[in-house]
């Protein structure tokens, strides 16, 4: 395939992924079934992972799948079950008045899109954006070593915190 | 001495109160006397420094900044620790340094519930630092910081020591002014990014230096952007002033605030807004100021009439005085809106006069409340009979407030009216003449509500319910001590307005006529078709910029 | 204050204009300074003095009178020395303050007009001071009363000597505030403080005109407040006619309110609530003549602005003419003796304004001069009467007092006749000069005048008849018939009667200072002395216009005397009839079958008069109550429910938003400052806790929106 | 590929997430919406990182994934506690902080 061909393929792939993601995201925030929502979340997160791969960020994409789909969504499902939310359609998942929320979201979208469009016009991504895991590792363990340690501590704290909070008495 | 003052004077006068506040808090709360002495001492030391500054202030050079300190501060954003005072700042600095000790003296006997003098006095001193800092700062970020520092102590003062509805009033005050300052900060940032400091002789393009920004650096900003930036500042300062229709926080805040809080609010805090106009908005963006001036003038005269009508509808004495501030600040804003040196001089005078007179009226209202435990005018009456000296002082202040010639109020009011007959050339004369007539009508209404208040509270026989009340006494020595300087100043400034004008006049002219690399934008105000003049300056500025 | 310059006015026609100096003329500032000083002295030390401060006031005003006399003498000798040439007024000027390129000066301006007023004010004030020592003796606020009498006098003198329009404003307002204090002297009673408020507020309404007019004149005259320069430029045609007309009309509004001219005169009768000596001072010398003086001072502006020369009607003359009639007609239905006099003052002030309006400047000032004495005499006389009968009601509590109070009666009668305008008393000469000055008297022969103001002549004549009639009624009800009050009235003491007699002497003789030119009975050098010294001689580039002088006519004089006699006679005949009926047991004050009871039209007219043309209803009921009531309440309602509701609605959402802010600041501040302030922080925390609405998502929503708006602002501006 | 297509997609997802946060009453669903927002930000970071050819964008995305995991953990723990105490995860009922 020519370079052009690659680009076309990438663009088509992006279009498909984006469409699926937006659809899933919309269903995610509108469905009345909590478990469905979790599954739509899986779709969106998967889409994001796909986008990462598309942008050449392999390691991040893989991590995304492992952590999110593998851990976070499972956590959500546990949460749904533990809180014994009814599985299936139910009332009361949404506020009765949603217009302010729509307006707020529309406002956010308008401003950000406006800013992005005026700010970056038709800037192209470089043709080859692939990065290797090794580069990521280098960066994390040299430049970003301190934030990395901090995040580790944060995770530990969150772990303990979650246990302390959720523990009976 | 001079070298010391030049290097340290302004820093000391700004931060001595803060040190005092720390000291007050460090003292054990059981020792109330120590606490009071420390607070009074700190404010007196501040006043002493202010007096030194006054004594060594060169009136003949009042147009320039004096005692300038310029140190690096936040290098990342080119914000520097710059302080300095000129003829506009000096009177306001002195006013602040005077009012705070008086407030402390006054509050000695009148700590409102829940007392706690330690916290109260500490807050008062923090407040003083904020106010003085605002008047001496010459860097926008520094200015903004001090401007905001003022909010908090005031918020707590209203929220903790206030009246029944204090919660609502405090939060309204806080949110309203914070909202304004947010927009103001955006404006400051916009100026930082858009102005070109090299036009004003700086090494760097992006700057918060107020001297540079009012000295031509803003000529690089396109007209539309200027208008937006001014609009942001207009909201920020206009809310603080407060201008109609952003005034609704004021009556609530005043009504609920403790006496001392009201006094400071009226005497100094409102001036932060008008000072902002005089110091920041107008000199930095004369072009936008000219475009906005008719709107400012309109809101000012609406405020004059509207505030007066609001007063007439009040039943609460303190709320009436609060509303009268809206009307009086309308005169100040009208003076500023004319964009002439004469009008702005009138405005500065009006600021000081209003500070003295309305501050005094709030003191009196507080003392009346201490005695009668109510502010309902229908229940008051006969003050002249029960406390004749206080009654006379009230009458005197009413007369001063309604603009009696020979007292300070008149010289803020009439010159503003006079100035609006002949605004800067760039402005529409007919519009401002209409404003003049409306403002003149406002003086009648002012006389109406003030005298009505006087009649309700001071005249007539003492009410039965208070006739034998042991609380109702004439003014106490402590009250005299707190009031006398204000009363004397009201008279002195009424007779010798030049005391103030000698300092302010050169400074006001200077602020409008700064010579920049590309000519003086202030001159364009006095040109019939000023927009073209500004445009020409901008082109010159661009050339100067590109030639670099 | 630095001395800037002395007596400088560019005099192009220097050949004709004589410049003068003289210690008293150039140091005239001392005259108001003395009573001003005495005000402070009395206020602070008065109570400790044996006579409660009154002696200080009398000494101060007496000293001012002496100085005023010396000034007058020096002025007279100067004018004599000028041999008919124009005399430059003596101007002393200091820079008061400077701002934005505008110089505010302060100084004195002494010319014939100022000198005349100085004398009137100090003389009347001195007599009133002396009189008051008896009249308000024992009053709770005796000292304050004298302090403010001093200030009142000082303010008026300051106003009279004003060199520029700013000073005039200052003096004008100070006079107003003194009248407020003095009218409301007995503020325990609500009506008194109401009257004081009304006086002050009505004056404030006119002050709009003054402030605007002065501003317009300042810029129209090229940036000067100087009275002389404004006048000179107005007369030299350097100021456009429209601007002059606008400023003249604005100033006229001020005159209307201050001098109690028609449609804003209603405060004046109410001002009778003040102590009688104050009324005398207000009506004769200080307050109300300020308006007339303003017109006379800025006559160049009015003369050109109103086109006085050569027309037959203008706003000034019309307002004055209407006022004479309105005042005189209302004086008829008053039962309160002071109110009769108050309306008579309104009517007489109307004469003065009308005279100024028709160009009879000297006649106006002359009438001001004579009127001051006989009106002061009348007021003080009425005070003496009320002192004796403890009331002001002529119908209920007076009558037949001529036997009990011979001195009061005689002086009152003399002053009444002077007011009515019978020769050879003072009022006759001045009134006649005004009537002649209208120039609308072709039928009576004679020449001169500035225009053909026939309507003004008719109004003046009518008023002359009415004046004679109501004063007859007043004198009759007070001093004739039988006594209707309680107790045994007796003559007042010397401190009251001596001033009365002095004033009565002036009421007789003041008119002789300006006998008309054609009056051949006396030597020619005796005629028009007042005008000679007071009226400036016109010159090129001068501050005073060239005005035409009417030559007096015998016919006119005789007709006016006849009119007065008819008016007075009719009233006298009516009361003679009443007297006869009263002897037969009828009412002693009115006819049972008088015209009002017989003719509906007359009754209607009577009601109209009793209701004061309903003007008070209009002002108090509709304008004042309307502003203070519905309009103010409406505005306030709008404030609370319009603007504030928007704020509150925004606030309710924003309260939540504020939370995000609060939580941050709160955390920092509580940790940093307030935690350590013990109770304070506890209280604050208590407050803050209650501010939480608890709806997390609301906070979030507002936070999103707020941050987006901030972002938008940054994006759009940058 | 245009930089903008990623940025706009991210903006849309962000806005949808905002809607979810504001409109949902069920705590679990709100948490999911927050995840949506965080992922939108991640897209942004990686896209910008590619654009300027810097590795930092990816590193930041990794950090955010980590923090998000922690957040979900703690968030769900709080919801569990809430449920245990009130038998409901309806956020509109959880207004104990109301003054």
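Per-chain numbering from 1; labels A, B, C and D assigned in written order.
The rule is simple: a residue touches a chain if its C-beta (ideal position, glycine included) is under 8 Å from a C-beta of that chain, and two chains touch if they have at least 3 such contacts.
For clarity, every value in this text was computed on a predicted model and none was experimentally measured.
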Chains adjacent to chain B and to chain D under the stated definition are C
Using C-alpha centres only, name the chain that sits farthest from chain A. C
Comparison of A-D and A-C (more C-beta pairs in contact): A-D
So, what's the distance in Å between the C-alpha centres of chain C and chain A? 84
What whole-number Å value describes the gap between the mean CA coordinates of chain A and chain D? 8
Can you work out the whole-Å distance between the CA centroids of chain A and chain B? 51
Averaging only over C-alpha atoms, locate the centres of chain C and chain D and give their separation in whole Å. 78
Scan chain C for residues touching two or more other chains and write them down. 690-691, 697, 701, 704
Two or more other chains are touched by the chain A residues 95, 100-101, 104, 108
Set of chain D residues in contact with two or more other chains: 18, 22, 92
Pairs of chains in contact here are A-C, A-D, B-C, C-D
Inside the complex, what are the residues of chain C that reach chain B? 95-102, 104, 169-170, 173-174, 177, 180-181, 184, 187-190, 193-194, 197, 200-201, 204-205, 207-208, 211-212, 214-216, 218-219, 624, 627-628, 631-633, 635-637, 639, 643-644, 647, 651, 654-655, 658, 661, 665, 669, 673-674, 676-681, 683-684, 687, 690-691, 710, 713-714, 716-718
Residues of chain D touching chain C in their complex? 18, 21-22, 30, 91-92, 94-99
Could you list, by residue number, the parts of chain D that touch chain A in their complex? 1-9, 11-20, 22-29, 31-33, 35-36, 39, 42-43, 46-47, 49-51, 53, 55-56, 58-59, 61-63, 65-74, 76-81, 83-84, 89-90, 92
The chain C residues in contact with chain D across the complex are 688-697, 700-701, 704
Can you tell me which positions in chain B touch chain C when the two form their complex? 25, 29, 114, 116, 118-120, 122-123, 126, 152, 156, 159-160, 166-167, 170-172, 174-176, 178-179, 182-183, 186-187, 189-190, 193-194, 225, 228-229, 232, 245, 248-249, 306, 309-314, 340-346, 349, 382, 384-385, 395, 399, 404-406, 410, 414-415, 417-419, 421-422, 436-437, 440-441, 443-445, 447-448, 451-452, 455, 458-461, 496-498, 501-502, 504-505, 508-509
